[in-house]
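Here the structure comes first, spelled out in structure tokens, and everything after it is commentary.
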Amino acid sequence: MADRVQEILSYYSSDNAGTKTNIARLLRSGKLAGTGKLVILPVDQGFEHGPARSFAPNPPGYNPHYHFQLAIDAGCNAYAAPLGFLEAGVSQYAGQIPLILKLNNHDVLHDDKDPMPSVTGSVKDALRLGCSAVGFTIYPGSTHCNAMYEQLRAIAEEAKDNGLAVVVWSYPRGSALSKEGETAMDVVAYAAQIAAQLGAHIIKVKLPTAHLEQAAAKKVYESIDIPIKTLAERVKHVVQSAFDGRRIVIFSGGAKSEDKNVFEEARAIRDGGGFGSIIGRNSFQRPKAEAVKFLQTIMGIYAGEVQ
Amino acid sequence: MADRVQEILSYYSSDNAGTKTNIARLLRSGKLAGTGKLVILPVDQGFEHGPARSFAPNPPGYNPHYHFQLAIDAGCNAYAAPLGFLEAGVSQYAGQIPLILKLNNHDVLHDDKDPMPSVTGSVKDALRLGCSAVGFTIYPGSTHCNAMYEQLRAIAEEAKDNGLAVVVWSYPRGSALSKEGETAMDVVAYAAQIAAQLGAHIIKVKLPTAHLEQAAAKKVYESIDIPIKTLAERVKHVVQSAFDGRRIVIFSGGAKSEDKNVFEEARAIRDGGGFGSIIGRNSFQRPKAEAVKFLQTIMGIYAGEVQ
Amino acid sequence: MADRVQEILSYYSSDNAGTKTNIARLLRSGKLAGTGKLVILPVDQGFEHGPARSFAPNPPGYNPHYHFQLAIDAGCNAYAAPLGFLEAGVSQYAGQIPLILKLNNHDVLHDDKDPMPSVTGSVKDALRLGCSAVGFTIYPGSTHCNAMYEQLRAIAEEAKDNGLAVVVWSYPRGSALSKEGETAMDVVAYAAQIAAQLGAHIIKVKLPTAHLEQAAAKKVYESIDIPIKTLAERVKHVVQSAFDGRRIVIFSGGAKSEDKNVFEEARAIRDGGGFGSIIGRNSFQRPKAEAVKFLQTIMGIYAGEVQ
Amino acid sequence: MADRVQEILSYYSSDNAGTKTNIARLLRSGKLAGTGKLVILPVDQGFEHGPARSFAPNPPGYNPHYHFQLAIDAGCNAYAAPLGFLEAGVSQYAGQIPLILKLNNHDVLHDDKDPMPSVTGSVKDALRLGCSAVGFTIYPGSTHCNAMYEQLRAIAEEAKDNGLAVVVWSYPRGSALSKEGETAMDVVAYAAQIAAQLGAHIIKVKLPTAHLEQAAAKKVYESIDIPIKTLAERVKHVVQSAFDGRRIVIFSGGAKSEDKNVFEEARAIRDGGGFGSIIGRNSFQRPKAEAVKFLQTIMGIYAGEVQ
Amino acid sequence: MADRVQEILSYYSSDNAGTKTNIARLLRSGKLAGTGKLVILPVDQGFEHGPARSFAPNPPGYNPHYHFQLAIDAGCNAYAAPLGFLEAGVSQYAGQIPLILKLNNHDVLHDDKDPMPSVTGSVKDALRLGCSAVGFTIYPGSTHCNAMYEQLRAIAEEAKDNGLAVVVWSYPRGSALSKEGETAMDVVAYAAQIAAQLGAHIIKVKLPTAHLEQAAAKKVYESIDIPIKTLAERVKHVVQSAFDGRRIVIFSGGAKSEDKNVFEEARAIRDGGGFGSIIGRNSFQRPKAEAVKFLQTIMGIYAGEVQ
């Protein structure tokens, strides 16, 4: 049956059967299975921001098993985490949900204007832990961007050789960009394009604002009058910038926010043709029952069951 | 039959049969097949300048399939692009046109006086995607030139071992050169020589001006009175500087420009003994039918069918 | 029998049988065998501080055999040292006590605000010397943290492949932290989390003070009112920060101190749910008979035999 | 028959038969075959100085075939060039003259007080091109000397393993030396010693002046009164400094100069016990017939046929 | 028979039989065979200081054969030199004396406050040249100490795997130390400890003065009143600092000095329990007959035949 998943898989026709299988696993799991939409639970904040900032608001989250169970109970498409968190639970939850091993991470005990994450896991780790995909963060705009792109290149090659999917977190940061520029329309679209050209199967970016950061780009956006006023229009432009919709693009939730805002964003992602969300702190920093309900509302929005 | 292609192939007599076959594929494809001339479509601008600046003027270009089809419809000798763009279309267009995988790329979210591109693909990628050649950019004059030359050395060795051709974009840039110096006669000729000595099969340079940048070179050009007044003379000198015509040298089109200028340049390339053009933005930033006509006019100039 | 060791081993369910065996060896050796508690003797101070500062207070300690014998006589769970010290005695003491080869070390002939240890041994060395585990120091907060994390990543992967356990010394240091911050509550908890996420089986940290170093963390500790007033509470929070008790966390003794202080600390570690101590200078810088008695008192505290 | 070549080969008794064979090939080729003297044609100036500065004075030199033929016609012992120049002619001239692949090169589009050449070819390239030797440049005195020495170490090891000879261009340069110091007696002798200790079979240095650069060395030269007044004496001291004549030392010709000067230098090299010359610009920057005559006069001087 | 050599070999009980055999070769060669004492001839000064400074005082020393013969005639335990010097004579002297290939070297054409030697040979070279050991220099106190320690780690691992012995020259130098500090008692003892912990079989240090360099160490030396007034006491403390005599420690002779001083030093080394000397310039910078007599006097002191 030529459903939406089959259509999406056709975008990845140069990949081997193993990789296609794993992309299909992500698209055919959880409540959104078969819809072509994804909601992923990522829990790397213990590394990125520290344990208390991440888990003290909902202490069961200190336990690595908690997040596996949350992702399963909510019906997420996948659960993404660094090496330690996956190692600590994977045998108990083997085969219950597709896993994404995040291969690089950054902490804030030492921070930097031009950040450079550490590589903290390997494709081989992903294989021995039964993961469907590897995740990798790049910071376009950082003085270290070359190093990150080249690490990603090598990792993506090895992952594809071994039949895994490649998920890229593409977050513009660094001394060349203003704070506002990190989520500027032109910058986020560019970040999506870079990830796509580097061979990502799935691209995760932040939701863009209407700000335009780079002068040369601004001139083009204004002269051609590219529509970017509403969030849905901006989502649409990001999706277009990722090979005209031929690469899966999902959007990150960011810091904890009011539910109605998050739902509003999900509607814009849906209406702009985005493929879904990756939502961490907004889900695991509240009691599990509430989190499940919250995540399922978002899934309902994507599935068209909730307005 | 000892045609022009056979003559050109004789310049590469130290290469293995696989590499000669792939050079022949480039020379025997499209409208200019067999003439010894080449017109290549390169589409790396999404990475190099960003998606909107590259594709908003002609939005179908956001789609990676568009460029395969454009290159085929126009009768180009080859299509060159980074990993993502080739992966996203290669299965659909397998065998319809020779492909060049561009193995390094540079973005402008972080720019630099002394640029250094990232390696974004591998020879192994080129092989699994069925490419005829790999492409690699060097920036002679950059403080990072050693790193680029040494990356190229390793890539060229692996490519030749595996029967691929090596196309080198040799673009002088960096703190040691004035802006005008980047296209100075002496500098462009030197850049062509460096690429040839590094073992390139095909060399891509910018069209040179009559400016002379380096004092030691200027003295020689003036005392010996090397003819460099007309563009055709300058093209001839570049070709001479690339092993006296024993290496294929093609010229890049640069930013979008008036058609008559581009045609004038093609005539100079032809009259100076250049081997052809590599034309990106001037072709894919206009509607496809116009682009096909435009490219075919250039091919007509090279083929001697158009004055 | 489902004793405490079995329970602890269940936390490492993604590890292979070899690694589980070696973790079990550490937990089933010496006086504390089977209790789930550990007291380890580490002797790397000859490298870290110099020979006279380390061994002149008790000159038999210059001899590498001395420390093997001390650890055995006191009934420690394991003995940890750099390459040279282990090579110089391992054949004589083969199989008498589990060994941990410390794979990186730092000297103070050249010191640095942002320290970076040298890798001084390999997993292969650990295997040929019959060790149960490798030890590795990271300094979160150092500008070199990436290099250390990535060395650890590679070493941990190789160690796990070869059935060894991985012990991480996680000591925050570097220009980003105040001196007080190196043992701040938030920082030590974060250091434990980082080591756990990097895949450590056993984590060694310093005992934390009630100081809070980072503004963003401080806000959370204060708003949620995380209990950190007593040392036992702080130990408990560190253990929680290392996967809610699902990773072994032990605490270091530091410089020579009065015995009653050390015993007081051991009680706090025990009461806060810590897994034990790693005690160097406080044991080997006194005559052996005294050291054995001293160490056995600490073991008695952990075993519940001494109040 | 124990001729001079056999004697020289005895200096290389630790090398394998392949390497000895290739050293013998160099010594048994051309007009000077069997005399123990060498005249080598090197053509790397296209890369080092640019094409026009190198070849415009005698334009047939743009063509890579020209130099093969010149070296053969003049009866040189060998022809040395970078990868591109050898690849472009080696099949046509296979087996007609021993070849030396120069494995590193430096251009002046970006120059530096402390130069560092790029590695532009490999031992594997030398083998596939049928070369007898690899050539490598080191700049003792440069801040990058370690990097060059270590590249040479690895290349020499691989070359010797594969039965090739190793020719080292040892040219002192860098911020630690005055311009005059680059050809100072003590510095050139030291450069020859370094190349010899690094395992070079053949060492190429510049002709030294009587200047003494380093204070510690100057004291020794003056107190012991080492004879260095005439050029022949200085040549003799360089040869002595290269293992007392047990390593082949040849001298470079430098920039174009009057013939009588070059001949005078050749006589001094001969009289001082030097092994010959490597002469580029003085030969290929004049018409071929003149160049052949010029080179053969030098060979005559070495052979004792010309005074 | 349980002689002194057997006792020393027992210190290396974790090494394989090949390495033990090679340590035994060093201890059972020359005039001091079987005594447990060593006198080694090292000739790396041509590289380290330049040829004229090293060999002009006794010109036969320019010839690499000279030093093999000197070491043999004098009855040294071993001869140590860089790659070139060994390659140039090893076939003629095969098997006549144990050889040590010095794997890193440093020249003074470019010098540095924080020196870093170049790696100029490999374990594989040592094997093909029939050496018994590799030699490696570290400069504790240099900002580059990590790089040197890590090179040594890899070399020592490979050497031990291949049955070679590892000799470490441990010379404190660098911006963190005063000139006087380079031979301070605390610093030399620390340097010996570091080499031992890095896995050296034989450690070479300079003779220490009574100066104490580092404040933290000084406090310990003074409070415990470690005896370091006489040279013999200081030698004894260094030997103690190298695993209480369980590692071979030898002392370097330094620059040319009056014979009676050298003999006085040898007596102190003997009386302090040192294992011997490594003497270069004091031996090869005088006529061979004198050098043989000089070296044999030193050996006589170690053997107890000379007072």
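Here the chain labels run A, B, C, D and E in written order, and each chain numbers its own residues starting at 1.
In this section, a residue touches a chain if its C-beta (ideal position, glycine included) is under 8 Å from a C-beta of that chain, and two chains touch if they have at least 3 such contacts.
Keep in mind it's a predicted model, so treat the numbers as computed, not measured.
In whole angstrom, the spacing between the mean C-alpha positions of chain A and chain B is 36. If you average the Cα atoms of chain B and of chain C, the two centres end up 58 Å apart. Within chain D, no positions touching two or more other chains are listed. Chain-to-chain contact here is organised cyclically: the chains close a single ring, every chain touching exactly two others. Around the ring, proceeding from chain C in the sense that reaches chain E first, the chains are ordered C, E, D, B, A.
Interface of chain D with chain B (complex): residues 46-47, 49-53, 56-57, 59, 62-64, 82-88, 90-92, 105, 107-111, 116-122, 124-125, 129. Residue ranges of chain E in contact with chain C, taken from their complex: 11, 13-15, 140-143, 145-146, 149-150, 153, 157, 172, 174, 176-177, 186-187, 189-194, 196-200, 214, 216-217, 220-221, 224, 226, 237, 240-241, 243-244, 246-247.
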